[in-house]
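The letters A, B, C, D and E name the chains in turn, as written, and every chain counts its residues from 1.
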Amino acid sequence: MIEELRKKAEELLKNDTVKVVFGYGEGSVPERTRPVFITKPEDVNKLTWNKYCVYNLTTYLKRQETRKLGKPAIIVKGCDARTIIVLLKECQIKREDVYILGVTCDGVGDPLATKCESCDVHTPRIYDDLVGEKKENKEVPFEERYAELDEYEKLGEKEKWEFWQKQFSKCIKCYACSNMCPLCFCDRCIVEKNQPQWIDSSAHARGNLSWNVTRAYHLAGRCINCEECQRVCPVDIPLNLLNKKLAKEAEKNFDYRPGYSVDDELAMSTYKEEDSQEFFK
Amino acid sequence: MDNIYRPYLMTISDMTDEAPGVRTFRLNFSDEEEGKNFKFQTGQFGLYSVFGAGESTFCIASSPTREDYIECTFREAGRVTKALRELNVGDTIGFRGPYGNVFPIDKWEGKNLVFVAGGIALPPLRSVIWNCLDLRDKYKDVTIIYGAKTVDDLVYKNELKEWEARDDINLVTTVDPGGETPEWTGKVGFVPTVVEEAAPDSNDTIAIVCGPPIMIKFTLPVLEKLGFKHDKVYTTLENRMKCGLGKCGRCNIGCTYVCKEGPVFTAEEISKMPDEF
Amino acid sequence: MSKKIGVFVCHCGTNISATVDVEKVAEEAKKNNPGVSYTTTYKYMCSDPGQKLLRDKIKEEGLDGVVVAACSPKMHEHTFRNASKKAGMNPYHVEISNLREQCSWVHPDKPTGTEKSVDLVRMMTEKTRKDKSLNPIKVPVTRKALVIGGGIAGIQAALDIADAGHEVIMVEREPSIGGHMAQLSETFPTLDCSQCIMTPKMVELAQHENIKLYTWSEIESVDGYIGNFDIKIRMKARSVDLDLCTGCSSCWQVCPCKKIKSEFDMELGNRTAIYVPFPQAIPSKPVIDRENCILMKDARKRNIKPNDSKVCRKCLDSCPIAPVKAIDYNQVDEIVSEKVGAIIVATGYKELDDTSMYGEYGAGKYKDVITGLQFERLASASGPTEGEIQRPSDGKVPEIIVFIQCVGSRDPAKGCSYCSKTCCMYTAKHTMLYKHKVHDGHAFVFYIDIRCAGKDYEEFSMRAIEEEGATYLRGRVSRIYKKGEKLVVLGADTLTGSVVEIEADMVVLASAMKAQDDAEKFAQKLSIQYNKDKFLSEIHPKLKPVESSSAGIFLAGACQGPKDIPETVAQAGAAASKVLALLSADELEREPVVAKVDRLPAPIFSTCIGCFYCQRVCPYGAIEEEDIKARDGSTIKTVAKVNVGLCQGCGLCAATCRSKSVELAGFNDEQVFAEINSVEFN
Amino acid sequence: MEKLLNKNKFDTLIAGLKKQGYKTVAPKKDNRLVTLEEVQDASEISLDHVITNNSIKEFFFPKTEKILSYTLDKNKVEMEEPKGFAVKSVIFGTRPCDAFSLPVMDKVFNWDCSDKFWVERREAITIVTISCDKSDSYCFCTSVGLAPDAKQGSDVLLTKISNDEYLVETVTEKGENLVKEMESVFSDPPGTPDRQVATVEEKFDLKKIKPWLDDNFEHDVWDEFSNKCIGCGACTFVCPTCHCFDIVDECTMTKGDRVKNWDGCQFTMFTMHTSGHNPRSTQGMRWRQRIMHKFKYYVEKFDSTLCVGCGRCSRVCPADMNISEMLELIETEAGK
Amino acid sequence: MSKAEAKPENQFEPKIIAFLCNWCTYAGADLAGTGRKEYQANVRIIKLPCTGGIDPLFLIKAFERGADGILVSGCHPGDCHYNSGNYHARRRWNVFRPLLEFCGINPDRIQFSWISAAEGGKWVETINGIVDAVRELGPFESYQKLNTIGPETTGEATAASGETG
């Protein structure tokens, strides 16, 4: 598969379809990979593919530094491809400006990443070319997909509060979560705005709660569960639990899952008259 | 141990609107004792703070020869300057300083002085201009070339009139083409061009230049052409600062901390710095 | 950016001062609220001297912000803003603390009310500190109006506007203007002939030099905003050239399809396939009914152009116009564009005809159970019976006739919950018309209540009972069934508590007035609101009764709710006068409460990242895309931009924007933040 | 002074310190993290890690701290000095690299004028370091002139000499006093202790770095190496020597705090002027700043490398940017 | 500014911030006033044109500033002055409320309602309802404690350790 990837990349660069290939390269230690940006056909051997390719490379579609490299071919797993769909819908990329090199995937991470446990996109839903044997995207039941939340939802109000306060108290406001997130693409994040300062920039309890809640809320109906925020958090806050909770609510209430179709209406920019309002008085 | 981040409390005793969005505050120490002990030299800056909004860096725009008060001139831009605009005479602000190095006016004694300023960059020069004017005998010819985008944008309009009226100062004012009014009697043109036209004698002359980067970029070659040596041209730099004390780590240009080794530099010093400002 | 704020606390007589210590409120504001440099209290701030006080103090004290602590901003915000404007202060630096409705009237305990008042004033002084000067938005006005619907409402409105010297475009989807009023026989309470008063108006409209009439046409789309609407009108293929046709009638006389139910006659009479709906139609030029014309049917079946079918060309052949005939079988729908500054919607109503809902009355099943409008056609001199009351089944003059009121109306279970308002009166009228024409006949009326509120209305209905001898029975009819030639009406007389059984010759149902079938779709096309019954909504039931929820679009007639003719005409006049006010100048001023996407100097340009969520949520399509261009013409980024003409200031975009790059003037982030921040809860 | 400390005495030591009024801080394991934080007793202490996830920095220079409080009246401002920020503590079990970061940072916080928030905490806190008995591939202390058992910055250094025993060496007077205070828990050291110290491979030659940096402010490596950087602040925040900060005001209508927060040179906004002009407008420039600051500017100003080779930045980097790799690359470039 | 002094006993008086739309609920509150309907004085109203214009950040900030409870109220579905603002708002709250609940914030502290301009009575009931409900819950101490920046803010959980403010 690695060979196939390299061959495809080489071809794309040689025939000038793209200027750069965003892919995975060997990491600093065997159990890591790292993003590589191949601009010369002779460098394609730097590309690799293994179970440590957890990154969602689509985040480099938003970065000024990597955008400058020219039209990219981007290697995406099924989950990453969902990001592409959201980015297309949110006008962040144009379809013709990205060459999508899909890879089929049985799961990444060691141990297997949580996101892979309930994967229903082993084969990307959008691609220009596919590497690897096409795999069936079997529907995973709702309950199973959100099973991870059960133990937290079961907690009492006080326990929940204490759990999250403990987690948030670790936050150092390094913003790795939002910088890594391919869907946190604002030029100027709300937390960087100080007129007014809605979210305190300090990493104290108050500032950390509003930051983490807002970050998650801003992904409501958009997050495609790549878990990158959680992976990169240097203080190990289970951020994806919040994202997942919101994804669950969006799916439950609006029957919406982002990144599955380019044609649907984004959950948070539309409504239905019959939307739930059970808690409204 | 003293808290180096603790500001002086200052009372706004007067304010003047200079140009659209530009205002000058005259500040007196709320604690008279502190005021008496306070000393600064021209070229230095401080951190002015609105309690609740934060701190912002700008120069001290008044001359050290005028004691009892300091003045600052700011343009409304960010959170702090907006909050400053909301204040009234009598309100209290914080001030930390003076920080940074100074214009070596002693070294300039007996020389001609040429001041070149553009737009909102007159305030740092105003301090040194007044300082030299208050010691007028020590210097030979004084030329001031000042330009702004429009007539309205010229700051210190009253002082410009005062300087114009004096015969021991050669004042040249200019506005960018299109920025003139029917009543405008000054020049029309960009500062570098006007400097070239005015062609101040570079012999035994110190030039002090301050303005937006684009103006400096085009003025320095003109001065060079006029025969000014790099070590005779001074300027003052602005960079984003938080502490003013060489600790917070953001104002450096290469190895140079603008807050401590600056803000006053000669063109020679600047030419040795990496292009990071 | 305010710095000197004046706080004016109103006593409102004793409405506020009785339960709020107004002096203390003023004192606290002066003592504690940053920026407050002047405070006072006054008996009635809204009075002339009160306003003068405000004006004087603004000048004397050099105020650049004002908080009036008084009644609801809905009452006098406008008043105080105006007063401030007169004093030379930007009116958007005025905020109102609502002490009366939110404190003094609802919290009788004085310390409690006072304390809350102090808070409310602080919230507003803080907001005022962040107020920005706003200037009314000037929008150019196309001094032309569009009237949609050519019933009496539309006609009245169009004439009023045209008479005042402005151009009017009228669009009517039927072949002729006239609407329901043209169908009526006589009108209550004066019993004057409907057509006699209607026809001259129709003619006047048709001949008016300022009115351009589109009949057999529908609104395709409405874009733009107040003062600047872009209208697309679909001129449905009429198959007749209106310019050439003289309306000589030869074509419809020769048309072989003669058994088509006439819509105008409520299907009681017939018409031809090429037809004018009624003799006095305007324009009195025919249209070919493409559904029923045999030539058209043939062409459709064979999928050929109509003109290529030779099945029947009688109308064409009969047309005396030469050399080019006035009939053009191949005519197609045409879309025309018009620009107007204001729109009056006068699309009228539809009579409830969903007879299946009232199966027990046999409507639709029994020919002699007819609706109110059908009775109008029977009674009309121009109707199918030329004014003779004859029952549809056999043409017999009914000796006993039963009128049933509230069919559909006031019946939430089956029909509409509302009262159709006109039925009580027209039923009374019907009994009279009947009695006038069938002197020995007997009219029974089943009613629930008789609602005759209106000038001379009560007298009119009493006349029906007392003078014309109609028998009014209070109660509902449970069933109508056929017994030989008779219709047995089973009902209850709730006043006597007895069951009533009447063997009638004919039954007239006073059917409800309903919204047009396509009202909902139509309203969405115009972005205006409608209620649960699909009647179009006015913006305020009392104070803005003819304004729709979209600026520049006004409502007239029964499209807004059931109405009779006098009310319709009055509303049409009101709508016309609103339009005239709007068209009276080349520009109009709009409240500057609109959204704005930030713009910054290069290299940032805007913090908008162009995800266009705002565009998706905007109910008014007011968000546009703007390309930020580099000097070389290449696009640096595409960001959102608000069209201030379309924006109505709801703030949806601002709350949707994740990076807070959009804000709503008058309710911007700094202002809301200041308000929240000022609720000092410590 | 040299002593011996048996692991089974940790309990007595911590209890004793607490009794003496010390706040005790030590590495503590929680899920996947080992962090230095307050412990109540020795059972909480983790010893089998390479290095704690958080650095010692936050005990002297917290991620957020009040530097001034004030109350606001309509016409009056009253300032209040923060108090109680320096708490008498012992940090037990930190690593030599972390300990060394303190004297390095002393320089900047005392340059010209002293930051009392740093200085007073430095006075109040005693550092008891445990030499590294293991390392991982991210460690490179030996490349920046340190060692897994380096003493600089520690008050007391513990080095494992058997499974249960540590050699105790006092480094400073403060350390000596602490050992004296707790005398009963220590015993005499063996004559020739078998120091169990990790080996850390030397990855690059520090001497070659600065000369290259002096000449290569403009160079392609800055962009090439950093194009995968996502611009977060993880590296700077976990770094024991990164000391950039921001000062912000946080207030309600009546009272507020002026707060000093960690800030990082990798953030776009770090140097951006209000006008939008940014002297370090690309990630390459910002990455260059980080390397330059650590290996050139600080060296020139304070005669000390602003890096202790702990490798934390490389461990946490979301994009697997490895600082020692960068320095190896520079060494290679320098050799060309 | 103690709210307790007017009360006979030391009853806890919750502080409620209400975010209201201009057209329906604000007018409904006005109507309650016009009708002289007495209700509890714990609410402070912030008026916006439409519930669709209420950003969840407003709610967070309100809690930060010490609100014990929050009410968000606007036009009934279908009645929005801006056609669809309240529908969009409803979607927002449909995800935001569970998020806060997930983080351990009692959902009863944030209430949502539809109150029309005609429902002065409902306004009164709603306010009395939320005031009573929040009074029952007690002060929102856990959130208000977050405002305490300890003298020594370190990596430790300042808030979770339950220091008092």
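In this section, contacts are C-beta pairs under 8 Å (C-beta built on N, C-alpha and C of every residue); 3 or more make two chains touch, one makes a residue touch a chain.
All values reported here derive from a predicted model rather than from experimental measurement.
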| item | value |
| --- | --- |
| Number of steps on the shortest touching-chain route linking chain A and chain B | 1 |
| Distance-to-centre winner among chains (Cα means, whole assembly as reference) | E |
| Maximum centroid distance from chain C, chain identifier (CA atoms) | D |
| Whole-Å gap between the CA centroids of chain C and chain E | 36 |
| Chain A-chain E separation of Cα centroids, rounded to whole Å | 33 |
| Gap in Å, rounded to a whole number, between the CA centres of chain E and chain D | 44 |
| Distance between the centres, which are taken as Cα means, of chain C and chain B, whole angstrom | 64 |
| Multi-partner residues of chain E (at least 2 other chains) | 61, 65, 78, 84, 88, 92, 149, 153, 155-156 |
| Shared-contact residues (touching 2 or more other chains) in chain B | 54, 78, 82 |
| Multi-partner residues of chain D (at least 2 other chains) | 54, 63-64, 246, 248, 252, 259, 275, 277 |
| Complex contact set, residues of chain C against chain B | 1-4, 35, 37, 129 |
| Chain E partner contacts - residues on chain A that touch it in the complex | 152-153, 155, 157-166, 169-170, 172, 190, 198-199, 202, 204-206, 209-210, 213-214, 216-217, 220-221, 241-242, 245-246, 249-250, 253-254, 267-273, 275-277, 279-281 |
| Residues of chain E defined as touching chain C within the complex | 1, 3, 5-6, 15, 17, 26-27, 29-30, 32-34, 36-39, 41, 44-50, 52-55, 58, 61-62, 65-68, 78-85, 88-89, 92, 124 |
| Footprint of chain C on chain D - complex, ascending | 73-74, 252-254, 275-278, 281 |
| Residues of chain B that touch chain C when the two form their complex | 82, 85-88 |
